[in-house]
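There are two complexes below, and they share chain A, which is joined by chain B in the first and by chain C in the second.
Moving on, here comes the complex of A and B:
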């Protein structure tokens, strides 16, 4: 198993190189000169423009620029700055905790609510509970996240004043409950549907019939044979969700003014700040890669047929 | 009950509106009775600065607003845009307003205790003008002798030859040309003084200083100061003796990703002042009972520029006819009302109504009024000179609120009135548009705007339409106009305004840019905030805010 983990970790190196290169090239396809953007609608002299372009290696061949970027990242150069002159690593480490907390909270809500509701619906297939969940999850899936976000923000933030309507720089876990719920909503619906279908399928599977035939008690059958097997696809879904939750937080972070990774990425793309954009997206890619590794390892726990050697 | 776009959504989603209204109204009334307290800390909308907090490096509002409160210049702007000497004891021009002698007040200090001397100014300005230091505000030094057209020192020299230190409290500024209102410029942030401690051994302003500047203004940074991704906190500077003495106990510039979130925070009382109402709330903010609303004509001017190098739009009879026809084909009031919900005011000249000397009676400005008949006639006349062919395209940047809508509406108006093929042309971002404009590679008319740096009508004219000026994106050139601007710059009082009006009449004939509208200054504050006024810059007078 450790050999497997080591192999997977080694694989992240080409993934990192490939991902950063692709994102780097993509940001370079964006027309316009970020230095002109810095100047706003005021004139900027050619000397200053060229000096700034040189400082950020913008006049070099694009692959050379990428190598400069890699050098800064690999050596953890503390002087590696974005176009605003602020150190990139510091910016990311400032923004990461709040986004990570937000994503983990959303993930926890997604997992707990989704699996519990999905299991109950699956066990009582086609009952009233199942029907209500079906309708509810379809509604949740079809309403765009910004509608839910603004409505809940207005109701619980402005009108009732239960939660703070925005998070801001001074965040606490309590402030994040509302945004995390908004972020989790679409995923909860999917997790519920997935769990429900999986449980329902497993209820009629051969091994469950065998277990019942052996005379195992119903609760043991459900716990050990139905639920455990049903969770394999659900765990995959939830696991890789963490990556998309962090990336998908851009809208939620905008509505609730969370100074996190999504917001950082949004601003960086807007300003044509390549070093910051690529660094932020690279962090997202890495989180995604590590989450899928953890998910693969969890398979072995859930499904005895899977062994990593 | 107030209904913003979001509110309406919520109202539909939940019909518990009755009790909600009560809750919303309750918040404000309790605190209204209390008297203003001088130690209240006021939270105001801000964004994370994009540049170090150095006077010559900061060119956007995220850094500019805090900076304006941390530093004092030679003069301070009053609310109406006139100036009062601040750090300067006197600023005296010579006979033809080309050499200015500045004397500083005694006892002026930076918050670290060091004296504000002539060197604090001259060294900072030299630093800003030297291209080796890559300062974005170099442009502000262009009127001074020894700089080129964009304000860099000539031939990359270390110092500007037009700046001379006489003694600790006196220095002189020599200008390239006569400019009788030169002191009006000197309150702008690019001209703020910088203390000696800012520079390292090699003479560069340090990164540490850019993170936590030491100034001489009404406020200073608190111990926590600029917290990245969070806020900038200021407290009153006890040694400050100028005209903007803080009436509150401090300011906190809270950073927001969007004005929408900030608006919500004002509604719920988490933010005191938002000086920029989001587009989503523009229709409703004035009837919103949970906030105090402010809406008045402001100092930023919108236009679109038709470069002279475009076929059919040259500086000749045909070009002038076509420009006038396009201008008269646009129904400005319809757009400012339908698209901007009256948060814009149709333009009647090239400057701004907030300025001294402004008039809506510039001869020739009927060309800015919608007149379909006249527009058609002028276009037909131009067609006799040279037949029109092709498409009239209007370039805009899609990342600015309302740009797409107004460009489309305008293209439609032109199309319907003149019967020609007209369409908007989108550039995804502001800098993409600016890059092709700066490189002169753009082949269509494009959207332009101007926010003055200092409260003078000339600042709306010279830098944009004078031959070879830094922001003359359309490469307009008219010797008569240049002469009038020069004369106006040297003249004083009413003569000066007369010359400016003449110059504007000339512009209205040539129409290098088509004036569209003045952007209104809009703001919301919490109901218990007091003494909010817009200054000429469309910014609150921060020092005066109380609650």
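Moving on, here comes the complex of A and C:
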């Protein structure tokens, strides 16, 4: 298994290089002069402009600029700054905890609600609970996240005042409950459906019939032979979700004013701040890659047939 | 086998049982229609029938495990005098495992892949209150040993995927007998296994149920096997019991037309008859004659690939080595799937390659078909070395003259292609004829394989397994090949359908002068269809001889084992 882990870790190197290069080039293709944006759209003298361009290596060939960026990132250069002159690593490490908490809370809601509801629906397929679940999950999947976000913010934040409608810079876990739920909604719907199908399929599996023939009671059959088998595909899906939840945080963080990674990425893209944009996206890519590695390893824990070589 | 005690009351009595599946709001499909039978303590009875005859449904009704919308419509199932078809869940639950055990059909799918084998057997002991804790663990090992699994203590701690098919079936037998039931339902317990393993397992099950005095309800599609294993036979056809009685009586003097057809056509039984050898000889004579006429044509024509030789297909020292990944990234393991296999197929004859799964016979077929490059050795088609073929043109010509028919007609036909499209496709690929001519050819082919032209517009899912295999044969014949390679072409089919397809292949050979390479794991079908036999084991040819030599005087221990494993061989037949 360690060979497998080593191989996967080695694979992250080309992924990192490729992802940063693509995003670097894309931000360079973006119209508009970053120096003008930096100066706040005011006219500046040519000397100042030249000085700034030199400082940010903007006069070099684009691939050389990328190599400068790589050098700063790989050496964790504390002087590596964004266009606004603020250190990039500092900014990311400030924004990461709140987004990570948000994503983990969303993940927990996704797993608990999705698996519980999905299992009940799957066990009573075509019953009333199942039908309601299916319709509801379809509705949740089809309504865009910003609609659900604003509606829930208005209802629970403003009208009933159960949660604070915005989070802001000084956050607590309680503040994040509502945003996390909004973030998780689409995933909950998918997890529910996936669990339902998986449970329903497993119920008709041959080995489940054999378990019944052995004389096991229905509850034992379900607990030992249906649930764990059904969870194998679900765990894969939920694990991969953490990555997408971090990325999906951009909209949710905007709605609830969470000062997280999503907000940071949004601002950086708006300002044309290449170093910050590429760094933030690189962090997201890396989290996604490591999550999928963890999921793959977890998969082997759940299913003894999986062996990595 | 035990003889039935006269005074005892029956252990299980099924009276006029009707089982149905709801297919729509009100529509009900009757799967078992008025079945009655009784099993006495310690007796073994076999229920025989083809797929869809309702034999498995009947068995599942007894243990109340009907799938989906299946339900008992009317009739009674009396177990020790109590009607269990109307009993409540709790009473049925109490019977399962402890009074009625089940050995299911497919060992691959009937063990939970996520739990250790020992734990899955222990579960049964605990649930039925036989033993708990350490005592149960010890009992599990005893049970596995009893089921004939060597090194049971280690095996109990392994997962199902670490077991071979035969070992899994032994584990399932241990499971079915764990709580010492009075009745064991064995639902095709060995049809997914190799013939030799099948025999070992059935022998073991026989001794075991005999010593324990367990009554057995054996479900099988193979009449020969049923007659060999049970003293009482029940023949089912389309949901009804058409005949029942002592095994020998039914085999020697079948009454119902369906049973008569089974007795005369089932390959395991037909392989004993000399008449099938004589019939084959007649076919061969005709085929060789037609083939030599074709060979003369080929020798003169310039468009055909070959030279019109007598040995149309020759394999010389074929070897295939697959390189597998080892446990470390830089480790490579060489695995010889086929080692030094040579044979020649004479024009108008049939050579069979026989072997168990993993013996390399299908790899040989793929190399001969030029679908897999051999590591070393040559395939020579009508004097031309396949290795020396140049360009797409020559390879296409080879494909025209050599066509395959594969095992699974469900998988080898594109579900989105109509039957017409499937058969016409090779003609289109090779740009043969106009649209009208191609249509005429498809009609002609369907006629040759005895299918009505009305199937042209239908899709594979609308046809039965036998019909699909006919379509696959028609497709293989579309290009007028000289050689047809049948890779387990009848193995997935019911016995009667098997017999029909074998007959079709024989007829087509006589008519068209075809040569077949016939790959099968079942020696029983070989006698009806082949002239020469190659027996393969672990990638090597262990015996090569004519069919009659192999059957009458097998030279190798392994071949003898394969022959012994043909079920029903020991039973004298009438007629």
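Simple rule for what comes next: the second predicted complex is superposed on the first by the 307 of 309 C-alpha atoms of A that agree within 3 Å, B and C clash if a C-alpha of one lies under 4 Å from a C-alpha of the other, contacts with A are read in each partner's own complex, and residues count from 1 in each chain.
In the analysis below, a contact is a pair of C-beta atoms (placed from the backbone, for glycine too) under 8 Å apart; a residue touches a chain by one contact, two chains touch by 3 or more.
As the structure is a prediction and not an experimental result, all values here were calculated from the model.
Partners chain B and chain C, once the complexes are superposed on chain A, both fit on it without clashing. When both complexes are overlaid on chain A, the residue A:304 reaches chain C alone and has no touch with chain B.
In the superposed model, A:229 makes contact with chain C only, not with chain B.
One geometric descriptor of the composite model is the angle centred on chain A: between the Cα centres of chain B and chain C it reads 150 degrees, in steps of 10.
In the superposition on chain A, A:134 makes contact with neither chain B nor chain C. Of the two partners chain B and chain C, more chain A residues are in touch with B. When the shared chain is aligned, no partner comes close enough to touch A:203: not chain B, not chain C. Using the contact criterion defined above for the overlaid structures, shared-chain residue A:213 touches chain C, although it does not reach chain B. Contact with neither chain B nor chain C is seen for A:177 once the two complexes are overlaid on the shared chain. Overlay on chain A (Cα): least separation between chain B and chain C is 38 Å.
Residues 3, 7, 204-207, 209-217, 220, 224-225, 228-229, 232, 302-305, 309 of chain A are the ones that touch chain C when the two sit in their complex. Contact residues on chain C toward chain A in their complex (touch as defined above): 63, 65, 67-68, 93-98, 101-102, 104, 106, 109-115, 120, 123-124, 127-128, 159, 161, 172, 175-176, 178-179, 325-329. Chain contact summary for the complex, chain A toward chain B: residues 30-34, 36-45, 47-48, 51-52, 55, 83-86, 90-91, 94-95, 147, 150-151, 153-155, 157-161, 164-166, 168-170, 253-259, 263, 266-267, 270-272. For chain B in complex with chain A, the touching residues are 6-7, 9-10, 13-14, 20, 23-24, 49-52, 59-60, 131-132, 134-139, 148, 150-152, 156, 207, 210, 227-231, 254-258, 260-262, 264-265, 267-268, 270, 290, 399, 427-435, 438, 448-451, 470-471.
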